[in-house]
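Sharing a structure here in structure tokens format.
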Amino acid sequence: MIIILRKNSDVASVKKLEAMLSEKGVTANYIKGTTQSIIGLVGDTTRIDESSIIAQDCVDSIRRVQEPYKNANRKFHPDDTIIDISRTKIGGGTLHIIAGPCSVESEEQIIETAIACKEAGATMLRGGAFKPRTSPYAFQGLGGDGIKLLIKARENTGLPIVTEIMSISDIDYFSDIDIIQVGARNMQNFNLLKELGKCSKPILLKRGLANTMEELLMSAEYIMSEGNKNIILCERGIRTFETMTRNTLDISAVPLLKQKSHLPVCVDPSHAAGIVSLIEPLSLASVIAGADALEIEVHCDPKSALSDGGQQLTPDKFKQTMSKIKDLCNYMGKKIG
Amino acid sequence: MIIILRKNSDVASVKKLEAMLSEKGVTANYIKGTTQSIIGLVGDTTRIDESSIIAQDCVDSIRRVQEPYKNANRKFHPDDTIIDISRTKIGGGTLHIIAGPCSVESEEQIIETAIACKEAGATMLRGGAFKPRTSPYAFQGLGGDGIKLLIKARENTGLPIVTEIMSISDIDYFSDIDIIQVGARNMQNFNLLKELGKCSKPILLKRGLANTMEELLMSAEYIMSEGNKNIILCERGIRTFETMTRNTLDISAVPLLKQKSHLPVCVDPSHAAGIVSLIEPLSLASVIAGADALEIEVHCDPKSALSDGGQQLTPDKFKQTMSKIKDLCNYMGKKIG
Amino acid sequence: MIIILRKNSDVASVKKLEAMLSEKGVTANYIKGTTQSIIGLVGDTTRIDESSIIAQDCVDSIRRVQEPYKNANRKFHPDDTIIDISRTKIGGGTLHIIAGPCSVESEEQIIETAIACKEAGATMLRGGAFKPRTSPYAFQGLGGDGIKLLIKARENTGLPIVTEIMSISDIDYFSDIDIIQVGARNMQNFNLLKELGKCSKPILLKRGLANTMEELLMSAEYIMSEGNKNIILCERGIRTFETMTRNTLDISAVPLLKQKSHLPVCVDPSHAAGIVSLIEPLSLASVIAGADALEIEVHCDPKSALSDGGQQLTPDKFKQTMSKIKDLCNYMGKKIG
Amino acid sequence: MIIILRKNSDVASVKKLEAMLSEKGVTANYIKGTTQSIIGLVGDTTRIDESSIIAQDCVDSIRRVQEPYKNANRKFHPDDTIIDISRTKIGGGTLHIIAGPCSVESEEQIIETAIACKEAGATMLRGGAFKPRTSPYAFQGLGGDGIKLLIKARENTGLPIVTEIMSISDIDYFSDIDIIQVGARNMQNFNLLKELGKCSKPILLKRGLANTMEELLMSAEYIMSEGNKNIILCERGIRTFETMTRNTLDISAVPLLKQKSHLPVCVDPSHAAGIVSLIEPLSLASVIAGADALEIEVHCDPKSALSDGGQQLTPDKFKQTMSKIKDLCNYMGKKIG
């Protein structure tokens, strides 16, 4: 961390700052400049609160040098994290395809969709039971009953299941779920993150609409700091000025998150684009850019879907996309599942 | 709502769509165009899920005409909402100043700050007990104990108290709080919103970093649809590409939210700017643009603050700012409190 | 400027970097850290190209300490710049109101509008002759003929005239113009900026839709580095995810640009909002936040305007707004014009 | 185009609007709604100025149905545009690799780099002679001399050359250039676009930092409306809140631009990322997403580059990347060049 001092700061104020830094266990190196002077800090600055330093009289501004995350940082954990999920693993060079409907709507719908996904080559099943909807007047999901239907679908297909948690008070419903998803809108619901850090279930952590990669890694850090190291990061599009797509898929996040962190990275092209015709090209792009998993919305009958009908693939279209993904993995020497 | 049909859609598919719309209680008006044809819907479209329509074969895209919110909409509720708070009111032409520290840190700190705020002219006290922090290693707030200290500060000053809730499991701590704040990161924590809709306490609802005004109004709608109509909307800066300020204060939101909705509007210049020297000009701009309240961070000793030291005003600086705000209100014929 | 070194950089590479820096006339101060080491530079770094340093093997990243602009920087020029314009001045505590139509359309239209603007209290006349339009099929302005009509309108009213230049090849048309405007889309048309730096006319430099304040100041620096110091900075809204307004007025830019620079600051609420009902509150907010000028679109008959009809005020509405602005200036002890 | 009428608009005002629309050659279809009424327009609305309609008393707002571009629109030109460039073609299923330095710096540098690029498999040579730099103190390019050096490099290697124009006054220098590039900052320099529309040279049109895909297509339309149909669209990253990369590559633009338009699409991963380690994954992602060309910065000695040193590949690194690109094209059955 580097502290830029105000011009003409008085010596007493700088001395006071140096004493305060020394108390925090870091060493201050003062450099006198012609127009501005700076202090470079040596030591572990992860736990130093920037705002407490900015508040000092003699401080103009601060520049961070170290990343503020440690557990999620590849510098300190060079090897890829590989996460066990029932009989399979995420991370370490394979590709998982998490497919299924936006919402679980009925036993028939989820089982029919799950079977179709499996036949096409999906390795996990997704489905929303607790649904975060912008409008209170929209379908809010089947809740606990939806979870039960997902478990039935797993019994029918053997596919591990992934579903979203919206509130820690629902945690008991998730005891038999394989991967718990944290949605984009909850990426900074820090209470939820802390509680999930106390369980050992794998967490699929989605990047918030307006959150930087560093903030995503800090949210992973929240979970990890409580003990749970089984985290999959998920890029699902960020909010920009462009309106032709629902969000803007930040494809650079795939290689960059893998450089900065050892955690596996998933991409959700369905929410990123919001347009059926983009799912296939964005899936292929994500795979070749290094993604460890894809999460794709598939519905046995999108026209009658209770949510997100416009971005869910039909089983036929998903089969075509899977065929392209399989060919690409084959070319890359990458195993699916 | 207007449905734009695909070129060359077959008649059967359009007929099916019209039947589906008719079931939803709206009337479809078909207009044949030279390059594209459209269907205009007549009736209440608030509860129609756009994605279910986009999923139909014959549909190219959709344009909304009606706003998707009703309870929060000034078209249906032309009169200003005025909210009772102990012995005072928010909305209806007065100005409230909600001042206090980012975090409650100790009895001495909150009482000293509360007294200074009151003396300078603040009409309510803010203070964070449950704190949403980006880093798990930063000070996380005093929790329930912080709430007790806020109540002591109210006993000392008579100022009504405003504090943030992060999880519905903490709701019992808030039974004696005057206004419950929902932070920017929780603006779309729909479970929390629904539960708050079931109580009757005034809610200060902050706009999310990357949320549109329409989404803010939809989140208000969530609370209102459960029965609680006592909502204050709060603009606190949005995330943009500009890095010189912490966020970009969307000053247009003040007059626009007041045009679109009957709910009172508050502005938080402290979080918007993140820079002490901008608090005063942004406060004055917000007042003259029509804000019903300001929320300003004040700390008796910002240099030793445990959070957000860099953007909290000293009591002296706050007194100067209040003096300018009072003069402006006097000029505008606006009562403070 | 601070250079953050890669972990385990070899000594030879660091020595080479230090030699290269020394050649550029700055002194390098090396600080060894526990996880990372840094080099702090002492001297004038304004002319150092960051990318040439990042390209070195041993460099991880760079943090700027000094602002990269000098001529436009208040640190080096503490006094407000005051610009002479025929018989008046911009900057130094007064307020100018630059009003007029989006486009000059005819002699009758510009003269009728100019007279109405003057009667309402405008101090300068704006009007587009060369028009940057998103669509090639839209009205492109009257060009040189439009400039002649503006000059006629000045003869009729005595108001100094402001109009936009789109290409340096048109410069001869601007010899009798009082202020040359550079539009948002040309803020980084560096050839145009350099050429304008060679004349002595006052330049109204609009902030680009997606440009930071620092980039705006760097564009001012382009003009100033060629000799022309007569620059008025203009905030006109930036592009964000919000769609309810045309752009998002960055009101914080007003006080912040005035803190960082000595140049006068203008605000254009018409382009920022794109909504007639927001012009008045945004104008008042800008004035109280410290703006030196406002640029407002007024048309004698907006319903028949050839461009931007939806955001131009009628003379009546402008008169009402001017009355509020005058009252506010009166309260603030600020002179108009 | 759909016009949404204000509630309670008087009949006379609506009649007036209908007459005005009829004059513009479109037919108005009136639909009476319960809360709002609308008018649907039938006919060619490309040339209708929205703002002139919004200015009418009875109009609340407008929703476009038709795209505002025609020449660039695949609906009207279903076949891919294929552009002839000396002995080669862009578009129609092949892949071109445009490689070379950010700036032309010397004869030795450009020829050495060109030879290395060709040997690695590049099919065209890029190099900046006229350079748009944010700082007036940075290297501004060799100008006309740089163009001459590019031509020499073409003589040495046979690679067609691509270089950026910044001002129409420089056009004579470009008479022997193969593809003229319009940079991101000039995407809405409409005068420049119009002039380039009058020549027949292929134009590589870069998307602006904050411009939507629709605006990019409208800028292509500017050039095309003057007669020049030889346009290559180029995605090069947009400006977002994310700071870890220089810009955010909008990978969805590749398939979407190709769906909406018949023009070839190029991707520039160097400017999008600004980070050497991302060039390869972003290149591969762009190719598999359907790009017709890539533009990659390569420098024979990035450490001594006069601009953008941090994002230019060394010849060795470029060779590795090209090897991956060739393999991928081979797998896809796509010809390079």
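Letters A, B, C and D name the chains as they come in the text, with residue numbers starting at 1 for each one.
As a convention for this text, a residue touches a chain if its C-beta (ideal position, glycine included) is under 8 Å from a C-beta of that chain, and two chains touch if they have at least 3 such contacts.
Keep in mind that this is a model prediction, so the values were computed, not measured.
A.B. asks: So if I look at the partners of chain A and the partners of chain D, which chains show up in both lists?
C.D. replies: B, C
A.B. asks: When contacts are scored as defined above, which chain pair ends up with more C-beta pairs, B-C or B-D?
C.D. replies: If we tally the contacting C-beta pairs, B-C comes out ahead.
A.B. asks: Using CA atom averages as chain centres, what separation in Å is found between chain B and chain D?
C.D. replies: For chain B versus chain D, the centre distance works out to 39 Å.
A.B. asks: Measure off the straight-line distance from the CA centroid of chain A to the CA centroid of chain B, and report it in whole Å.
C.D. replies: 26
A.B. asks: Please compute the C-alpha centroid of chain B, do the same for chain C, then give the distance between them in whole Å.
C.D. replies: Using C-alpha averages as centres, the distance is 31 Å.
A.B. asks: Note the residues in chain D that touch 2 or more other chains, in rising order.
C.D. replies: Residues 210, 239-241, 243 of chain D each touch two or more of the other chains.
A.B. asks: Can you list the residues on chain D that touch chain A in the complex?
C.D. replies: Against chain A, the touching part of chain D is residues 210, 212-214, 238, 240-245, 248-252, 254-256, 259, 272-273, 275, 277-278, 281-282, 284-286, 288-290, 328, 331.
A.B. asks: For chain A, which residues count as touching chain C in their complex?
C.D. replies: Contacts found on chain A: 2, 4, 7, 29, 31-36, 38, 40-44, 63, 65-66, 75, 210, 239-241, 243.
A.B. asks: Write out the stretch or stretches of chain B touching chain A in their complex.
C.D. replies: Those in contact with chain A are residues 46-47, 49-57, 68, 132-139, 166-169, 185-186, 188-192, 194, 208-210, 215, 218, 221-222, 225-226, 239, 302-312.
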